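One chain, chain A, links the two complexes that follow: it is found with chain B in the first and with chain C in the second.
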Partner chain A sequence: MSDQNSNNKGGVMGIFLEESQILNAANKTREKGFVDFDAITPYPVHGMEEAVGIKRSWLPWVTFFAGAAGCSAGLWFTWWTSAVSWPINVGGKPMWSLPAFVPIIFELTILFAALATVKTMILANGLPKIDPPVVDLDLTSHKFGLFVSEKDKNYSSSELVSWMKEMGAVEVHEVSEY
Partner chain B sequence: MSDLLEKPLIEGDKTSQDVTEDISALVESAPHPKWFALLGSAKGLFLFYMIVVGIIIATGMGTMGVNHPVGWGTDIVTFVFWVGIGHAGTLISAVLYLFRQKWRTSIARSAEAMTVIAVATAGIFPIIHTGRPWLAFWLFPYPNQRGPLWVNFRSPLLWDVFAISTYATVSIVFWYIGLVPDFATLRDRAKKDGRNIRHKVYGALSLGWRGATRHWSHYEMTYLLLAGLSTPLVLSVHSIVSFDFAVAQLPGWHTTIFPPYFVAGAIFSGFAMVVTLMTLIRIAVPVFKDYVTINHMELMNKVIMTTGMLVGYAYASEFFIAWYSGSKYEGYAFVNRAFGPYWWAYWTMITCNVVIPQLFWVRRLRRSIPVMFVISIFVNIGMWFERYVITVTSLHRDFLPANWGIFDLTFYDFGALVGSFGMFFTLFLLYIKFVPAVSIAEVKPVLGVGKEGGH
Partner chain C sequence: MNKEIVLKEPHAFEFSNKSKVTCLVMFLIGVFGFIASLFGDAQRAWQAYLMAFFLVTSISLSSLFFLSLQHLTSAQWSVNIRRLFEALAAFIPYSILFMGILIIGAPEIYKWLDPNLVANDALIAHKAPYLNMTFFIIRSLVFFLGWFFFYKKLTDGSLKQDQTGEDSLIKSLVPYSVFFIMFFALSYSFLSVDLVMSLEPHWFSTIFGIYTFSGSMQAMFAATVLLMLYICKKGWYNGMVTIDHLHDVGKFLFGFTIFWAYIAYSQYMLIWYANIPEETIFFYHRSEGAWAVVSMSLLVFKFIVPFLLLLPRWAKRTPKYIAAVSILIIFTQVLDLFWLIYPNFDEHHVHFAIPEITALIGFFGIYVFSVFSFLSKHSLIPLKDPRIKNSASHEVVY
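Let's look at the complex of A and B:
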């Protein structure tokens, strides 16, 4: 599934009060054939990714390649500075003394991997976002929102409103952006 | 651990809304007068620290006790002490996360804050120790006009620069990423209350977080990856700190047991500091008692007891190897450590680190707040002395008796040591006020633990 956060788009959002209700509602929405929908929750709800139909995050690849880059950079830099740019004899040790460089290479691997992962997560989530759309201020506290985008081919605002209520939504809003 | 799972992790039968209210109230309401009193005294100590360090830097290293043959003194001892304290935070936030220990959620935030603050406190000391802190940037390999002359990558001291700076960076990032959803909660509450400045500040800090499932998916993966990266990192950091000693040829330092021994000691002292801080927070902020329960404290005390025995094993093993190796210098270093001029430091360390934590075998003592508070203070004293014993007793008598000497602490040594607590507590108190001290988004999913129908 592609990342659609960057497009501003409207739709319908139902507000639920219980974790079990929103999970159930998300599952039913997927089963009904909707694709373009999302849930807003104050904390990560167990099983919600499957319910909304999101594949496992691809971020580990970023971590792996950034870690590999950090490792290579450390290897190259310690070699180039110690054995090429200005080789200095320290205690008769070889210019290219790999075991002594391992701590530096290891730390750079971790540093590159961690910073790249966080940076990519922030960008992939479309953050930082100034003035994010707010449907209900309690969505970061104790309420749950189920949003269906108007772009979805099954979208019909009036049907969705009554259907969300059927599934236990206490309020249903038509929103221009979620 | 199985007996804990049957009990609720969070007491007081709270709903998600209660959690939001409880934790946000700490940030939103005006602090208690006790908080101001504590901040005032911590800040006073912090100012004293700044003056002491200022005099040390302006006058020179002669103000401190280091001299021939003990060239590593209070600065290095206290540096290792504070870095070690920090390690418990990473252990709680990363290692216990990987092991799926749900009880960590209540204390993870404060433990991580403790890590960041302890590493910041630690980082000052090696810079003072260089004697010319205005040249500290020479520690980093940057292109320069002296050749370029590069740093010596074969030196453990340089490994330390990379280890500590990486650790500080990753710890801050890990802590901040955990805070983003909670800042969003505070932002939305500020909007509801019509607090404009608060809304703007926390809004900026929250990066515009909304909590969509697509976001949580990447977010949780990031958290898992950071935990996975922090775990080997924290082990590497104190291993590398121990290399500062172990790579040298000095009897008493040159042992292969140092990396695991230092890591166990770091976790030991760090958990003791977490217990000290948590007992104090529970007194100052009563609502904390619902989140950091006696069960949490007991589990931490078990970790203290276990790591304390690991450290005790390391002490014994060092003595055994000193004898078994047949090296007379190594043997002398250890006899001198326990019965030489610094016998009092050695036995203080043994008493505080090995003997006193044994009280935790008794369940009643393990669950008593006053007892654990006192023991945690003893552990921290003992762990400072451990680094003192390792550093000073090994240096003061090495191979040649003509090189022997005695190290005395001066007023400035004491000032820097005591004052650093002022820095630590000032920053910690500010953290308690301005940042949600319990992870709101992490506690909510564990509310069901121990309840009918919970998982």
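Let's look at the complex of A and C:
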């Protein structure tokens, strides 16, 4: 929020008190044609992904390819260290004995996949930036918020305020640029 | 839960006369095939019998294990598919009879029952206090009657609740589940040692029981997927079991695919590393000629291929696709048991022909008969369980 170069625009946030209301509101907002909006709930709400229109994340692909890269790296590294750079005879077994290296290859697969996934996740969602802004601290305990961003092409703050009220919001906040 | 669920009574499971006749014919093919091969090559007939018997018994026991795990954790998602696990275990009463038949044929395949060999082989003689006919029969009796007892207790409580609707009936199954899991862990390990590992009495592997368990769990989830999709296709569930249940069973299938590979590798790596002749002989017999091909295809088709096929989320939510993977997994489980049993008798040749196929068909027939007749006698979901609504609205979040 303190980022001065932030291009985050403001928007309108409606506060709801019931889980069913926020789910209903999110569904209606999506059906009305809004795209740039989000729901803030204190806990995961079943069916919210569909209601807000969140698509499947592309993050698993990062995990898969990073894992594949880790696997190849482990394969290459065990081969290079034990068969090329510094061959050591262990119990008369072949220099490059795959069964002995599977744990290393496996661990590198997991390491690459896990680190790349976490790093990409942080980069992709722009942490530690918080989007949308913290309007009400109660959103972390018992209230539900629906935030429509100014960036949405259908945005009109006065219309949205009455629209939120109509859907049962107990409070509606207009948030300026943050 | 936000999804509004209308509770609908599922259709009854119809075990048509046509299917009954099919099962009977398959069973008779098995019986005739077995008798015919007894007159040809008796040893091979009993090997085939052991393979098919061990396959279906393991799947039944794994299913009972998973059922008791559901009771133990008071799982809600699985309530509506609980009857599937009860049904897949319905072969247990029949298995007592088939174990009795196997004991008759035991001298044909178990070297440690040959008195001449025991007298001349110090290692087998040393193991004689455990590996002898009397103790073998006692163990089998204890195990199979114990399993029958727990099967009866675990299913009877659940079926009685269908009539009375008492919630306490399900809670009373928790102690039985606890003791079954403890009993199962030991008894199934010993059964694997007795029936499969002792075929090569010199060889031993302390992880063997987990190895057979991991493979049969994998096959059991594959069987669950197929049975579930069969009922769904007929439309008998009436929406009480959804794609989300399939997704979760699919995750278990995927998980145990990895678990099998983990255990198989653990067994192989330690034996390979230590390089002690008594232990390596097992893999030596399976690493040359045609058996090397079988060994490699186990690695490829029981782990790598199903692993990659089941990896995406959509894979577990596409009925036809996951059914195909399940069939592959059941075939590889047969291959796994074939790989465990047959090289003990002939490490140079791979013969998979009439005796094996008829034995598998026969046991498949009687197994499907036991499962279907159980399902046709009872409601497809535990209708009076208070948790069925939560189970019906089960949702896999992404």
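Odds and ends about this structure:
Everything below uses one rule, namely that the second predicted complex is superposed on the first by the 165 of 178 C-alpha atoms of A that agree within 3 Å, B and C clash if a C-alpha of one lies under 4 Å from a C-alpha of the other, contacts with A are read in each partner's own complex, and residues count from 1 in each chain.
Throughout what follows, contacts are C-beta pairs under 8 Å (C-beta built on N, C-alpha and C of every residue); 3 or more make two chains touch, one makes a residue touch a chain.
Quick caveat: nothing in here was measured; it's all calculated off a predicted structure.
By the document's definition of touching, neither partner reaches A:170: not chain B, not chain C. When the two structures are aligned on the shared chain, A:23 is found in touch with chain C, with no touch to chain B.
Put simply, more of the residues of chain A are touched by B, taking chain B and chain C as the two choices. Of the two partner chains placed by superposition, A:84 touches none, neither chain B nor chain C. In the superposition on chain A, A:100 makes contact with both chain B and chain C. Legend: residue contacts after superposition of the two complexes on their common chain; A:49 is shown touching both chain B and chain C.
When the shared chain is aligned, no partner comes close enough to touch A:68: not chain B, not chain C. Residues 44-46, 49, 56-57, 60, 91, 93, 100 of chain A are contacted both by chain B in one complex and by chain C in the other.
Contact residues of chain A toward chain B in the complex are 3, 5, 26, 38-46, 48-49, 52, 54, 56-57, 59-60, 63, 77-78, 81-82, 85-86, 88, 90-91, 93, 97, 100-101, 103-104, 106-108, 110-111, 113-115, 117-118, 121-122, 124-125, 127-134, 137-142, 147, 178.
Listing the residues of chain B that touch chain A in their complex gives 15-17, 20, 141, 147-156, 158-159, 162-163, 166, 169-170, 173-174, 177, 181, 184-185, 187-189, 191-192, 204, 207-222, 225-226, 229-230, 232-233, 236, 240, 243, 440-442, 444-445, 455. Only residues 19-20, 23, 44-47, 49, 56-57, 60, 64, 91, 93, 99-100, 102 of chain A touch chain C when the two sit together in their complex. The touching residues of chain C, when paired with chain A in their complex, are 1-3, 265, 268-269, 272-273, 275, 311, 313, 395, 397-398.
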